[in-house]
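In the two assemblies presented below, chain A is common to both, partnered first by chain B and then by chain C.
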Partner chain A sequence: MTEPMPPGGSTSGKEGGALTQEQPGVSAASTTLPLRHSLRAAAIDPKLHDITEKFTEACNALKIGQLVKDEYFTLFESIGALEIMDTKMDSGFLQPGETLDEVYDTLAPLLPEEVIGIMDQLLCYEMAWHTGYPLSQTLLTSVYIDKLLWPEPRSVEQAQFYRGYVSEERRPGLLLRVLRAYCLALVKCVDSGIAVITNRDFFEEEDICTHTYNRVLFPQVGADVFVGELEDVIQNVQECAEEYITDDLKKAMLVRLEFRKNFLAALDLECPLDQLNKHWPLMQSNLVAINVTHQLGKPVEGSFSTKIQRRLASTVPPRPIVVLEFKDAFEKLKQLCADCEEATRFTSLPQNPLEYQSFMWAFASRSPPPLTYSRSYLSNLLFHPSSDLSILLQSDLGSLVFPASVVLDPSNWALSPPQNPNLPKDKRFQLAQLINDFTERAGHAYLEFWTALGQNRCRLRRMLCHAILGFDQVQNDAYTIDEGIMALTQEMGSAPENEIMPYPLTTWSYYRKLWMMEKVVFLGFEQDIYLPDEFAAQYHFLSTIASTRSRLLTNVSTHINAKYRRLFAAEGQTLRVATLVETANYVDSLLAESIGVHELSTALAKFWMVVLYLGLLGGKKLARPFSSPELRYELRMKPFWTLQPAEVPPFEEFRRDVWSYGPYDKLTPRFLEDLQNPQAELWMELDEAVKRAKEAWAQVKRFGAKSARAEGVEESWKREIQGVLASCVALGVAVAGIKGQAPKDLGEIRVEIPKVGSGKRYREGWVVGKVCRG
Partner chain B sequence: MSDQTAQPATDELHYVQYEVEKEDVYLPAIRQLISKDLSEPYSIYVYRYFLYQWGDLCYMALDSSNNLIGVVVCKLETHRSGTFRGYIAMLAVQESHRGKGIATKLVCMAIDAMTARDADEVVLETEVTNTASLKLYERLGFLRSKRLHRYYLNGNTAFRLVLYLKPGTATKRPPEVGDFGQYAQYGDAEEELRSREGIQAQTRIT
Partner chain C sequence: MDNAEATAYLTQFIGKNLRIHTTDNRIFGGQMKCTDKDLNIILSLTYEYRKPSSAIIQRAIQASGNPSASVPWNSRYVGLVVVPGEHVTKIEYEEPTYGQGAVEL
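Entry: the complex of A and B
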């Protein structure tokens, strides 16, 4: 607390911290206010003490502006402080003549077009909530919804636009009953939405606000009850004579009720997996009809009010109602339905973690980005109770490092330890134990990886940075387990299925880690994190990671080929041979892809290096008086500094590679000479890299989506590969525009960076400059 | 250092450090200047939170009649990650005086003061669309470290900008990691949640 209080303006802490530290008596006195729940149980018999005098006296000892707080009172908490009597902060402050509550009469009869209007207004607020605004500024501003939910009804029956007794003539007629059923179903839709989102251990409060402000949204009542309410009024409306509701209004009303019914069913968390794909397509036809009949509705602005926020359990003052235009809300709704419909395809994917991964990645890459609900919906399918993460992980291992191997033979898990502990354990049993051990150690990082794939793109990048550290530890742990596995398989004899590659688990963990590192850099370009003068450096770094990944995959490939030859020569191994061929295809596709990433990023690193030397981007050089290249390098490489083996080259080595011709602002004679000589190593290497990149990506394309384990998202996979190939071509063109030019001829040339999201990049992460004249 | 970068500011302006003793003189003007560009006002407590604890990291540009033209508000404390981290919380310049390098000068003074107090790094957030603010900090040496989706209450997305002042900052660790319990797991993510309610005061500068 700061003291003394200026007249008409005091401050208070939001909860805990400063306020209760200083005024132990106050918390009991304020429990009647609808504040958030206290962590401590309420005192049974509160004793009230008037401390005003003591408090005022104590305050006199403080200087103006002096802060009294404990060391745990953070900035976040200080932001929650309010000023009494400030209109923007004090939720109880009334302007002269202003009433505390809304005077809107929820029992006044409505016209059919008004009911339709309100339904569409509600839809706008519902979608505003889905895009991240709190309920307090959206749906809970509806006077109708407020009446239904407060005071808290004990049953659905009691949730009416009135409480207690109303005279016969005031009782709601058909139209109000229609609105009530619609509102109740809408409330349940929000409840189901929150259930799906909070069902995951980790979700983002920045994306969606799940706070219900002490309003209870019928979590205990099944969706069928609300469907029943809707069906009742649907029937009533259908039977209603035309003189009451004209035919077109009736149709408009019915399609909205039908839509709500389908939406409710689709959002239901209890919906069985095999029924999932039924509901979303049904809504498509509803949507079209809602859109064309929207103009029939007549909005009732008075039925929404910011004042309701005063009575919600929130310490923040009333904030303005969020306005989302119907056409925007409608687009969001369409997107939500399309995304969720796409997500249901997850259940019919080939059962393979790599297919899942391709699907999740493609889903997160959809444009516009899927809303939180859709992403949670998909994550719920991935983490469905019927799926087992350790099985997923073992299948992942099998797909890369243990194809057709005794190590993952399911029968290993059927064995038991010998009854006599002095007898040696079966080797297969021991193998199962080692794999179990690894599964346990890797489980956390592996879970984090899958969780990351369900986040918004910004958070995906940050969580991958964290998962990389997890996998670094896993890789470290894998080493010892690998030695155990290698020793056991060696003892088991020379049958081809006993043959394993050296350090398989280490290889797998390392492979996963490198893949994520590439994605972090790639997403950095996609999210506009890197400044133009970092492009060369970041593509150079990407090329080194990709080349390490290529080397790793080459080892895997060598092992698989050798094993294939042995298995092929042996008898009765048809099944194993088939598995191995499948893995070989996958690894070949990965290998081509890693070479593609390596070559294209090498070429881009060189291209941007030349552009930066020549200053073709225009604009002034950044002075950066407080920084140095070394410090910026350290900051940029922070997520990777501690990795083992070391992935971040020492600064000097990095400087040599990225600033081959000295600092960017000094053009050396050697650079000028190379620049004008098309045969110079610089250009030869650049052209070669572009050529090899094209070849590698063309090869990935030839191997196809099935080999890349992206069969479930073949279309978007093809688009992606096509985008990369187009980037290679564009780079070739850009290089040709600069190569061999004398600096004096470059005067008219400038290089444009296609902006993120402008549609001018073939792939967001591959930034190819456009060479322009004039 | 700051002398090299700050554009020559308008002649009659002078730059002074905030003084807690003169709260009644300075604070109302600071509040007014900062809250002008904010959709949600901060209570006086937020200002005092910074100014009472880190008044020496707050600098003001005053004209010859001592009217407040620009202000920068900061804090500096040990971060969970183990670094001694400076944070530029608020920066604002009167609209009529923008484009003259006043904000740059204020930020430079703050960074110089943090450097003198042995800070490892300086961080802040700013809206991805606030080009003037991004340019200002990037000219000084800041890099974008991450993108924060819907960071602000108005739904806008932010960049976190970071400036390292000392080598070895990336690998600094807190003395006892174990003390951070479950929060250590998600590191910065947790911090993002904590601060997202708040500081959106890198106002438009030009």
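Entry: the complex of A and C
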């Protein structure tokens, strides 16, 4: 496709299609129309031939339904063509009497109140853009911004509310210059925002619209230029006498300019890492003052117009301007600043991928969910050019399977291969090579995992499903590398640091995979993806994965304990012992957590099973004429079907576990008997599971955030654990409400499912029904 | 003109640049892709041109004091469009500046 538009063809007289008073005819002017633009005038003017008559005649001679067309042009393509003069499709279609011209005069003097009003209006549109609306329906509807940006200015000085010559008395006064500086800084803020967002993985139109409609938002001009413009007008306003601007208006104006200056500096992509946390806190006080002085402003409705959309490079007709109330916009802005301020804490985290992971997870769980910009901002910090993914991966390996081990000793990487290729290579050198090999193989899946963590919650779940498949492959590849590592370490002698656990890399990949699978199911509950009649099945599945994970962790823990004993007995290994103690704490905390997940989900699976048998949820049963339980199971488990080793039990086995008393709509005598007998295995198991879950989570809590590698987000970590413990208690209460009831008494009992986001779930992913009577 | 002649005549404009003037005084410049009996024309890679209104011209002349002041046409990229035959007022063929324009007019 040819490069779109040039500066309107206005600058070069020859190319520019000058239309003057003397020759108003369209036909006369059209001969010099620029068709394909170049910066320089074309050497030869294209020759034009009027073919109207013959063309029309030829068309008339065509048969009905006959098309003369490019053989590569398909009907399918033609559907995408915009029909000219169609009101719904043609964005250039004008109603009778309607013109494209703006009647609004951008050089007309403004009152200070109006300047403040326009600033606040602009802020509303900026936030509307941040929440996902296109620029064409928000900021680019401002006549002032349009004047600044079109025709495209060649320099910042040229970006004025007028172009070319303007008489002395029409030159913009102080207030218009204030507005100009504010608008320019705002435009640069949008540009920096787009730069940050497009730097990372984002989804156009799902997250945010980065389309600028062929308007150029000064990407090549540094933020400092705009800060300079703001500082100039700030000084001018400060010096301005009170008879022009009253004191409170002056203050209101200054705080908006101050805010914009700070915001611009904070959004600047080139802001050095150690300066990051400087700017966001500054804005807090600005924000309060802006909110208080909002009522001083007087909005100027005429300074925004849908007409501008007709001139933007857009293939859709004008759409209404998006209205976001100041109150809501302000809330969004406050949230954006708070989220970004929180994100800057990332730079001060302990340097450990597991800490990063906890931080990203907690950040994505913030409520309300962080805006796209804030998420990209955090991802940009994670993927900062100074951070190296392979180091992250190795540190991740070290924290679980290679604590205090010779395998990851940095000195391994300092060795070089022997000059004579016939000589054997140093074993440490070979170890480094194997780890490099693994890093290369796992790198892609590992990167995908981190990318997923930077997305919003819904997409996080979907992307994890994909990353799981990647880790499945990694686990498969790890097997041979593991054998190499095991053989090498064995040859290196029996010193305690040479000791490694069997199949470490396989274990690590498997652990990671299981963790992600748990999260996928867990997020499914959080996002209300499962229907109530699937609860029992999904919690059952969760409990199986968690139990596999805890078995895996038990192996790791055994190895660490054995190694610890050996190291402790050896001399001069204090440093290694310390690392090992840290790892042991981490693994113990993980182990307790995996047991907690397993027990609680087992209990919940049983609880929901009973509820479903008894039909206590009220409402009509879902009619599903087009599917069978087997097909539904297959569909639900689809992301996990192909995994090796198989994680999804075959349907028959699954049916036996989840529908242990036959189909839900038929109550068997065996079930009724068990239901009324509090000593039945069903209830005993349930109570035991709740009890063990409570113990396990209490243990996780005792180990603390540091052991769980969530030190950076201790607050939210504690809240989370507290929530799970409360869920355990609530489940105990709910069970007591049903246990031992005779079926005839159950008529009065209902079980309510607390709604997502209603604040009635102690943890969004742990859905505990509430038993009510009457 | 019989059907075969007409088809041959029209076929030679496929992929060539045309400028189509419409009833609302806009001009669409783009590559012809397709046409039919009703003179509907599909253009690809199209730019839309609109002449400035007389008010704008007047203002420009007043501002500059020069009766032959240059006022830009408004133009923008619109992509793939179909101009319905009933709105076509004039069709122009743009001869390529470079290369051969082997078209029998």
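Points to keep in mind about this one:
Note that the second predicted complex is superposed on the first by the 683 of 774 C-alpha atoms of A that agree within 3 Å, B and C clash if a C-alpha of one lies under 4 Å from a C-alpha of the other, contacts with A are read in each partner's own complex, and residues count from 1 in each chain.
In the analysis below, contacts are C-beta pairs under 8 Å (C-beta built on N, C-alpha and C of every residue); 3 or more make two chains touch, one makes a residue touch a chain.
Model, not experiment: these values are computed from the prediction.
When the two structures are aligned on the shared chain, A:731 is found in touch with neither chain B nor chain C. When the two complexes are overlaid on their common chain A, residue A:516 makes contact with neither chain B nor chain C. Of the two partner chains placed by superposition, only chain C is touched by A:99; chain B is not. Contacts of A:55 after superposition on the shared chain: chain C is touched, whereas chain B is not. By the touch criterion stated above, A:76 is placed in contact with chain B alone, chain C being left untouched.
Shared-chain residue A:46: touches chain C; no touch with chain B.
Judged by the touch definition given at the top, the superposed model places A:214 against chain C, while chain B stays out of reach. Look at A:456: by the touch rule set out above, it reaches chain B but stays clear of chain C. Of the two partner chains, chain C is the only one that A:85 touches; chain B does not reach it.
Residue overlap on chain A between the chain B contacts of one complex and the chain C contacts of the other covers 2, 9, 13, 63-67, 78, 80-83. On the chain B side of its complex with chain A, the touching residues are 1-2, 4-5, 20, 23-24, 27, 40-46, 48-49, 51-53, 75, 108, 111, 115, 121, 128, 138-151, 155, 157, 159, 162-171, 186-189, 192-199. Those residues of chain C that touch chain A in the complex are listed here as 1-3, 5-7, 9-11, 13-15, 17, 19, 21-29, 33-39, 42, 44-45, 47-57, 61, 63-64, 67-85, 87, 89-97, 105.
On chain A, the positions that touch chain B within their shared complex are 2, 6, 9, 11-13, 63-67, 74-76, 78-83, 86, 88-89, 131-133, 204-207, 319, 456-459, 461-463, 466, 527-531, 534, 622-627, 630-632, 634-638, 641-642. Residue ranges of chain A in contact with chain C, taken from their complex: 1-2, 4-5, 8-10, 13, 16-22, 24, 26-27, 29-30, 33-35, 42-44, 46-52, 54-70, 73, 77-78, 80-85, 91-94, 99-101, 151, 165-166, 214, 311-313, 315.
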